[in-house]
Each structure stands twice: as C-alpha cells, then as structure tokens.
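I have a structure I would like to understand better, so I am pasting it below and will then ask my questions one at a time.
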Amino acid sequence: MHLHRHHDGLGGSGAAAHRPDGTRRALRLGLGGPVGSGKTATVAALCRQLRPELSLAVVTNDIYTREDAEFLLREAVLPPERITAVETGACPHTAIRDDISANLEAVEELEERSGPLDLILIESGGDNLTATFSRGLVDAQIFVIDVAGGDDIPRKGGPGVTTADLLVVNKTDLAPHVGADLARMAADAKAQRAELPVVLQSLRGEAGVAEVAAWVRERLAAWQA
Amino acid sequence: MAGLNTRPHRGTAGVRAHARIAARPDGRGGTALPVLAGDGPLALRRTRGTGDEARVTVVGAMSGPLGGDRFLLEAEVAEGARLRVGSAAATLALPGQGGEPARYETRLRVGAGGALRWEPEPLISVRGSDLRVHTRADVAAGGRLLLREELVLGRHGEPPGTLASRLTLRVAGRLLLDQDLACGPGAPGGWDGPAVLGGHRTVGQVLLVAPEFASRPPEPRLLGDTAALVPLDGPAALITAVAQDALTLRRLLSEATAAAEEAMAAATGAAAEAPGAAGAATGAADGPAGTTRADARPAGSTAR
Amino acid sequence: MNRAALLLLADGRFPAGGHAHSGGAEAAVRAGRITDAASLEAFCRGRLHTAGLVAASLAAAAALGAEPGELDAAADARTPSPALRDTARRLGRQLLRAGRTTWPGGQLDALATVFPRGLHQPVVLGAVARAAGLGPEDAAYCAAYESVGGPATATVRLLSLDPFDATGVLARLAPDTDRVAGRAVRAAREALTDGVDALPAASAPLLEISAEAHAARGGRLFAS
C-alpha cells in the first residue's frame, strides 16, 4: 500500500492524518494532468457518482482564477460552499507541489465550513507531464491523460504517468477518430507503471466514471480503516 | 477674531497660529459656538448655517503657510451639536526663507450624537514649499464625521513643493485609519510612479464616520480606475481618488460621497426596520450630517 | 547573527504562499501603468517606500517582541482596502503554517491559538524571524525585499519581461531597500516605548484603489 507514505503530526503541516479531535480527517485525492485531458469532467462525474454516499468537497487550481470552479458550479455537482478555487499566480504546479500553503488553507476552510468531510478532490490546473502533487497536500493522486493528446504519452513517461497512484486514459471513444492505438497505450502504461493501476475510460460511455469511482471507494475504505 | 492685517511679525521661527472652534447645542434645537477664536492667518467667521447646523468659514488661508510656520486648528463638536466648516479659498503652501518645513495640524473631536462636516477647499503645494500636514480626528461612539481633504501638486503647469499629509482617525478610542502620503521633490522615490500617484497631479480623500456603518458597512465600490470607496474595519468608510486636475478630483469625490451616503441611508432604513440595531440605538433617525447639501457648491469653487 | 536562517526566510521559494500574489503588479500591468523595466522600477520604488516601509516596520516591531494584536490593529489602520487586509491575513496564516513547521516552538503555536483569524503577514514575519533566532533588522530586510521581489517576479510572468531586467531593477533598488530597512528598525524601536503610532504609515493611493479593482475582476493570474 502507498497510503502510509505521509508523515504524521508535524506542527502546522497539512499532512497530519488526524483532526485535532483525534478523528481521521478527509482523504485528499489529487487529480492532475495536461490541459484538456478531462480532469474537470472527471471531477464532475465523480461528484455526481459519489455525492449520495459521501460527504465531499472540491478544490480547483485554475490558471485563470475560477474557470474550473465555475464549470463545476454550473454543472451543479456540489453546492457552492463545497467548491473552492485557489489562485496560482500563473504557476499551477507550484501551488500543488512546491508551495502548497494556499491549497492546505483551502482544504482546511472546506472542512471547517462543510465538515466533517469524507473526501476532498483537489484538481490541479492544466499543466505539463512533470507536474505532480506534494505528499504534504494529498494522500493519493490520479493522473489524467487522453487519447487525443497522442498515444505515445504513456511510452514517454514522466513523473505523472509513472508514479501516480492511478493513471486514467480518458476519451477512449475518440480513439478511432484520432488514430490512437488503445492497446498500445495500455501496454506502454503497464510497462512504465509495473503494479500501479491504469483505467481506460470514456465519460460518454455507459460505464462512465464507474471504474475510477470504485478505485476511490477502495482508497477511502483503506484510509478510514 | 484676528484678520489678515493683524498677522504677527514673522521671526526666523515662522508664524505660530492656533485657532479654535467649539460647538454645542444651544438648547433651542440649534448649535451654539461658545468658542470661535481665530489667530493670525487662521481667521474664522461664523457664516449662515442651516437648521440646527452651525457653519464656520476659515478665511485668509491664502497667505500661508510659509516655511517655518506652525498652524494648529482645533474643532470640538459636543454631544448633539452639528457643525460644518469650510474655507473661503484654497490654501497655498508657500516656500519660506529659512528652508524649514511648515506644519499645519488639525485636531477634530466629535462627541456622541454630534456631527461634523469638515470640507476645506484644496491645499495647493507650490513649487519650493515644504509642508507637513497632520489631521487627527477623534470621534466618540455614535458621532458622525465627513472629512474631505484635497491635495493639488503645484499651481497650473508648475512642479509641486514637498508635501506630506497624515490622516489619523480614531472612533471610540480605536485607531481605524492612519495614512501618510508624501509627495514632491523631498519625498522618498517612487511617489509619482505607478504604485502611488502614477503621474496624477491631485489626490483626495473623503472620510466618513457613521454609526450605522458598524452593522451595515458600505460595499467596496470603484469609480473608474482611479477612485474607490472602501469600508474601514469599524463604523467608517474611506474614499480615495487621484485625478489630473482639481475639478475632476472634486467630481470623483462627490460621486463617491453620494454613493456612500446612499449606503448610509439604506443602513439607516434597515436599522429603523430592525429596532435595537446599532444605527437605531445611536440616533441614526436624525439622518446623516447635512446629506441634502452635500454637493451644493459648484465643484472646484474657490469663491469667497 | 544567524545568516543562514535569514537566507531561508527571505528565499522566494520559502513555501508561504507568496508565489500566487503580485503585490499589485498585475493590476498595474492591466491598467497600463507597468509596461517595461523602467515602469516596473518606478512601481517597485514607490511600493518599497510605502507598503514596504510599513511592512518592514511592523515586522521589525514584531521581531522586537511588540504585542502582535496591537501591531495587527496598526496594520489594519494602514490598510484601508479590505481586499488588501484580507490578502495580508491570508498570507499571514500561510506564513505562520510554514513558520511553525520550519521552526517548531511554543511562541508561534501560541500565536495561532490566540489569533485564529490570522494576523497581517508582516506581523507574522517578525514573529517567525524571532522564532528563527533572527533580529529586527533581519525581519525588516525580509519585508522590504519581499515588497519588491514579489512584483518583479510577477511582472516577468505577466509581461514576459526579460528576467535579467527584473533582477537589474531589484539590484538598483538595493540602496533604497537598505534605507527603508534602517528607517523601519528605528521606528520599531521607537514604537516599543511610544506605542504603535510611532510606526510609519506611508500610503500609496493607487495600490489601494487598484487592489479593489483587481479583487473585483475575473480572469486574473494572481490573487492580489
């Protein structure tokens, strides 16, 4: 398991796994990946799927302030008080990796306002293949790429593709139109990631986000155990 | 009351002048002025007031202050009194001979239920002058104040002198505003740059204290990109504007003041509908100080 | 003298949330007031002698052990823009988090307990400097340097300004930064005996006005 990589209880750090009252805090999942790969759509679908069973909230890290947060608001996947936009000063990867203080504060404000929460999804601003979340901010991370971005992305690797706890290859319905070889993408991903799981999904398909949602439930069960 | 012709001789230390105004209810629904003491260049005249409000005009300010001068102007508005103070003309900060700065201090005190409108004409910083202004306002809980300050950097087409103006507000003993603007050749660098005045030649502020702002502060409001109305952390609001000329500045400040007074009236209305709210408890039903005559004078007027 | 701790605290990479703020530079760029290295320098010089001086004196006073609540009230009075007051408290909370983790100790923990709303960032900066074994001069230098370093970095991103031009601006501002830090420390010592009114209150009208404009605007890159 990768669940216990975080370090416990360091003063003001956000990584402490327990609330001041001793209960386990919300599980924090990061969603990263390049621009346009479908991070926000995946977050929206996860919210719709999980909201009947879980108390959840979302933090977005937009490049231009509130676009992703506003998409989620328009889609009405969660009430507005459960969505917070963090501004990133033109450097979305800094806000999720090098200087996570604004995100940590957003997470704590959500817990304070709407808690206790089971799950907080933290979406990164669309960035490049090297952007990953700090372990001080999230407990696990999902990296979202899509078939239209080029079927050689899994082969090229990079920290997101190789080390994320879950790799999602999105928009599989577009594969025939963009000439992407799904089997090759899956094989390359497997080679890069060894045991780490990969999900191929189309949010337009019947299964939609179900497989990712199942993975999230599993992580949450392990976290709360 | 001393007029211009009684101006004391100027020593190397400059002129010292101390003028005082005290206002209190006259017991017949109006405001009396038991103290109205001008001094040297700070001559005071009681002019025709309106209703329960007394009015005083500072005259003769055209002659100074010069370098080395020290002026002190004090006004105290007692509980329940209403006073409005203006000036007959713009004040010119002029160069002195000794190269020493001039100081112009104003101390304003307003009691509970008292109201003061302090609306002098602009202060013009003339080339070669050096003036330090400090305006201190102390307002008791439930008191009202409207204070306008307009600074003009240089006469027409002229570079400014050195000017520093500090404005300090306390309400019920609590510090709510402390600001010190420095400009001109003797000011630290960058005063004319994009963070401070951005090349504008006039800058002004209107400070409003109103009890109903305690429960219903005005929303921040922008007028173009050179003027803003903001709520302070207490029953007060501040309007700040920069402009190329005094007329534009007065227009911006007047517009923003009208917006603030609207917010005040709305808060008063809300307070009246909710008995026990802060505004109602402090006599907000009397209405804001001089609301209706806020902008009766033509903008930029300096006529006597 | 604890020079290494000073370098750590003054490092732009110190994770206290500053990277998402432009110190008013984005608003000035949008208004067409910063267009190149020269106007960036004029902006930074003005900011240094106003907001920078006030921040440096607050930080120095906090490092000397002045009462944080009084300093915070003095900071509020010197910051009429509510958007800037919010920003200062937010950055103060973020710095306190980073400071508590970096230099653990009871003083900073107590600060978090006594002021749950947070304190203005310069006040926290002074307290963190103290916890790191630094003095009032160090705290003043950090605040003064930060008041121009942030806008310079942001302008590189906003205008694609040549980064060497931006560091050139900061180098030319070094003598002014020295003067501001010195003045701030003198004022802070005075404030210890005469109260917080002795602290500078230098104001910058356009910074205050544009901060409100920026806060009201959608589609911005920096939070302030």
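A, B and C label the chains in the order they appear, each numbered from 1.
As a convention for this text, contacts are C-beta pairs under 8 Å (C-beta built on N, C-alpha and C of every residue); 3 or more make two chains touch, one makes a residue touch a chain.
No experiment lies behind these values; they were computed from the predicted model shown.
Asker: Tell me, please, which chain's centre (mean of its C-alpha atoms) is farthest from the centre of subunit B?
Answerer: Between subunit B and every other chain, the largest centroid distance is to A.
Asker: Find the most central chain, measuring centrality by the gap between its CA centroid and the centroid of all protein CA atoms shown.
Answerer: C
Asker: Using CA atom averages as chain centres, what separation in Å is found between subunit B and subunit C?
Answerer: One centre to the other, that is 30 Å.
Asker: Measuring centre to centre with CA averages, how many angstrom lie between subunit A and subunit B?
Answerer: Distance between chain centres, rounded to whole Å: 55 Å.
Asker: Pull out every residue in subunit A that's touching 2 or more other chains.
Answerer: Correct list: empty.
Asker: In the complex of these two chains, what residues of subunit C are touching subunit A?
Answerer: My answer: residues 13, 15-22, 90, 93-101, 104, 108-109, 112, 154, 157-158, 218-223.
Asker: Which of the residues in subunit B end up touching subunit C in this complex?
Answerer: The touching residues are 166, 168-169, 174-182, 187-198, 203, 220, 222, 225-228, 230-233, 238, 240-242.
Asker: Spell out the residues on subunit C that touch subunit B in their complex, using ranges where they run on.
Answerer: 24, 28, 31, 33-34, 39, 42-51, 53, 73-74, 76-78, 80-83, 85, 176, 196-197, 200-210, 212-213, 215-216
Asker: Provide the residue numbers of subunit A that touch subunit C in the complex, in ascending order.
Answerer: Per the stated touch rule, the residues are 10-14, 63-66, 86-91, 94-95, 98-102, 104-105.
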